[in-house]
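You will see two complexes here that share subunit A, one where it goes with subunit B and one where it goes with subunit C.
Let's turn to the complex of A and B:
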């Protein structure tokens, strides 16, 4: 009886080394989210700009982006991961997950960026141009700062969402925080402890983002 | 000199300017009056090519504004414009609002740009607001900021599009005073306005717009006090 209990505890106990394993999983989440958020934001800004200047882009690019925004991420991941090899382009889980997540992020950011550009009154842009500024000077020194301030909260929402959604990349077998926790739960049968720790990890990753943007927002308040 | 020759402007199928002829001499102040929708703003936008024209010509100091080879960014340095909405850049301090274009467009150093900006802000009576953010200021102050911002490019011409229309009544005076100041400096100005007595007292000539044409134009006192055309008489009796 007592040996059996010991054996179970030995088998299933949560150990300090498991924390390290979770931390490595968190590392996976950080890497894939950081790439997706940064590259996706840059792409998304370009897309958003295109949407705002051209009706043609709005129809074509706009509908492509709509697909990325509306098809569930998990389906995009599985389709992309399983179909590329058929085309003779084998990709690993990390590459496939990153690429899909980048475009997913870009599709969401494009709407935010377009909103930011459209938040700048056309008369303000006319004022900038009437001072002799070029199109790109107006974009760089007026539209970007004014628009960014208008949509920073929305962008923060996208970034935090992507951070959490990156957990779905685990369906491809990429080991990130959620996947690492599932492996541990299976082994230890201690979901409560592990999921609590994982929750704390996600919080620790999100908190700096929301804190940083909240501080920017405060600094940028027009008063 | 600004010359408009048979200028036509359409938005889609609608002709908004139906052959405008106007010439503005150096040092002259022209006020433009007329009902809302008669094309006054559109004419100003065409003069610095914020809008294209469909036929006719606009010539500023010998340069054909709407010719393909015209460098518009270069042209616009010489033509300041102030709008109905004051359009302060909300992310920049008052000083930076004014210094931005001299830095970017004229290539001035930071110090030079700041000293130009400070000079113009003092000129319009905002010398004590340099470090303030514009959203902290009244509409009248922001409109004077917009004027200083345009003046910092040292333009040869200034276009004003109903710069007092969005202001609370008690703030109109300070902006009109600033326009008077510019007139006294000898600035060449086209002023679209609903302030009839301002048009009469401050401008050399007044043009009355009606449905995309200049219905009547003449010496300011004469046109306001003794209009010849029936439509001008009607308009003036309605706004009084």
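Let's turn to the complex of A and C:
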């Protein structure tokens, strides 16, 4: 039996060309996380601002965002993906995964952004206003420079978290790095080497950014 | 909308889901305990270890923090199969989560150790305590106090991360949900129920931790 299976080349070993396939998978990871992080950050900053200015928003929006942080991402993905056909919307794995990741990112960033806004002492903002700055000038020239520095490490943490959590979109069937590796493992039956290579891919994406932020943070401490 | 919601299968399966939720809590708590012990060791190795030990701890921490938890789980689940080590689904989740928790907690502990002033250990030593005594009775309690909130966050993460067990065949809350959902074809209803239970679990964990904090760290 087993000789027959081998005769039709059911399995074949790991080849160099498979690295290219993994690289394409890494491209998928980068695309989906880049969209989720950029859109999610913008949305999250808006949410964070709303949380910091209004108690009403804090109660309603805050508790909605809390759900995104209290339910596992994989359940959120499956829930949303299975909810779409109920509405009669044919949405593919990529779109569904991206939407969930965007809101997941936004919920995490909102907390960070709120922290950043609240990190600016109110006396400083009052001073800006009393110098004749408008509300938005105060936000742009006082809150942003001070707040952004305060929350950069936390934001990077969120962004890298989303980059790694994007691996879960593979559950829906979108071919990103992890899904690509599973497909290769099924064909080659060499899980150890492939998972190691995938680990290196993720490491290469995540490690430089985390090190860079750590260095930036250290430099800013002396300013 | 042509879809009719059927909640009866979910209600009938509630006892199973609750039991699975307990499994989730157990796995998370166990991986947290192992993670704390390993994390403490890793943090101390990174602070005081000699070169090879420092490198070992650093590599562990960086891998745990810079690769997805799911990949780490797959590694314990399928990667080790290359060496003929076949872990049970529970062990896969426990090893994967503990590895991940240890990596994250090590950095928290390291920050905690660095935040304790040197004078504390000097005072302890000058009172005649041995090095290990001063660590055990003076430094570590203060570190725990400092990193109590990160610790709680990590526990919440552990609860959420244990849902990945579904992908390696572990029947905790998510795995059980998926099993029941595909048995009854009520996917949306079951996943919604799981989401609600996870939400409640997280709230219970946070509430317990808050009460514990008031009891433990009150002066």
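Following the convention adopted for this analysis, the second predicted complex is superposed on the first by the 201 of 223 C-alpha atoms of A that agree within 3 Å, B and C clash if a C-alpha of one lies under 4 Å from a C-alpha of the other, contacts with A are read in each partner's own complex, and residues count from 1 in each chain.
Operating definition for what follows: a residue touches a chain if its C-beta (ideal position, glycine included) is under 8 Å from a C-beta of that chain, and two chains touch if they have at least 3 such contacts.
Keep in mind the model is a prediction, meaning the values are calculated, not measured.
Superposition of the two complexes onto subunit A shows subunit B and subunit C fitting side by side, with no clash. In the superposition on chain A, A:94 makes contact with neither subunit B nor subunit C.
In the superposition on chain A, A:220 contacts subunit B only, with no contact to subunit C. Of the two partner chains placed by superposition, only subunit C is touched by A:206; subunit B is not. Once the two complexes are overlaid on the shared chain, A:178 sits against subunit C while remaining clear of subunit B.
Annotation for subunit A, partner touching more residues between subunit B and subunit C: C. An angle of 100 degrees, to the nearest 10, separates subunit B from subunit C at the C-alpha centre of subunit A in the overlay. Once the two complexes are laid over each other on the shared chain, residue contacts for A:74 go to subunit C alone; subunit B is not touched. In the superposed pair of complexes, A:127 makes contact with subunit B only, with no contact to subunit C. In the overlay built on the shared chain, the residue A:49 is in contact with neither subunit B nor subunit C.
After the two structures are overlaid on chain A, the closest C-alpha atoms of subunit B and subunit C sit 22 Å apart. Subunit A residues in contact with subunit B (one complex) as well as with subunit C (other complex) do not exist.
Residues of subunit A touching subunit B in their complex: 121, 123-124, 126-134, 137, 141-142, 145-146, 149, 220, 222-223. Touching subunit A in their complex are the following residues of subunit C: 1-3, 62-63, 65-71, 74-75, 78-83, 156, 160-161, 163-164, 166-167, 174, 177-178, 187-188, 191-192, 194-195, 198-199, 202-203. On subunit A, the positions that touch subunit C within their shared complex are 67, 70-76, 78-79, 82-83, 85-88, 160, 164-165, 167-168, 171, 178, 185, 190-193, 195-196, 198-199, 202-203, 206-207, 210.
The residues of subunit B lying in touch with subunit A in their complex are 45, 48, 50, 73-74, 76-77, 79-81, 83-85, 87, 89-91, 100-101, 104-105, 133, 135-136, 146, 149-150, 153.
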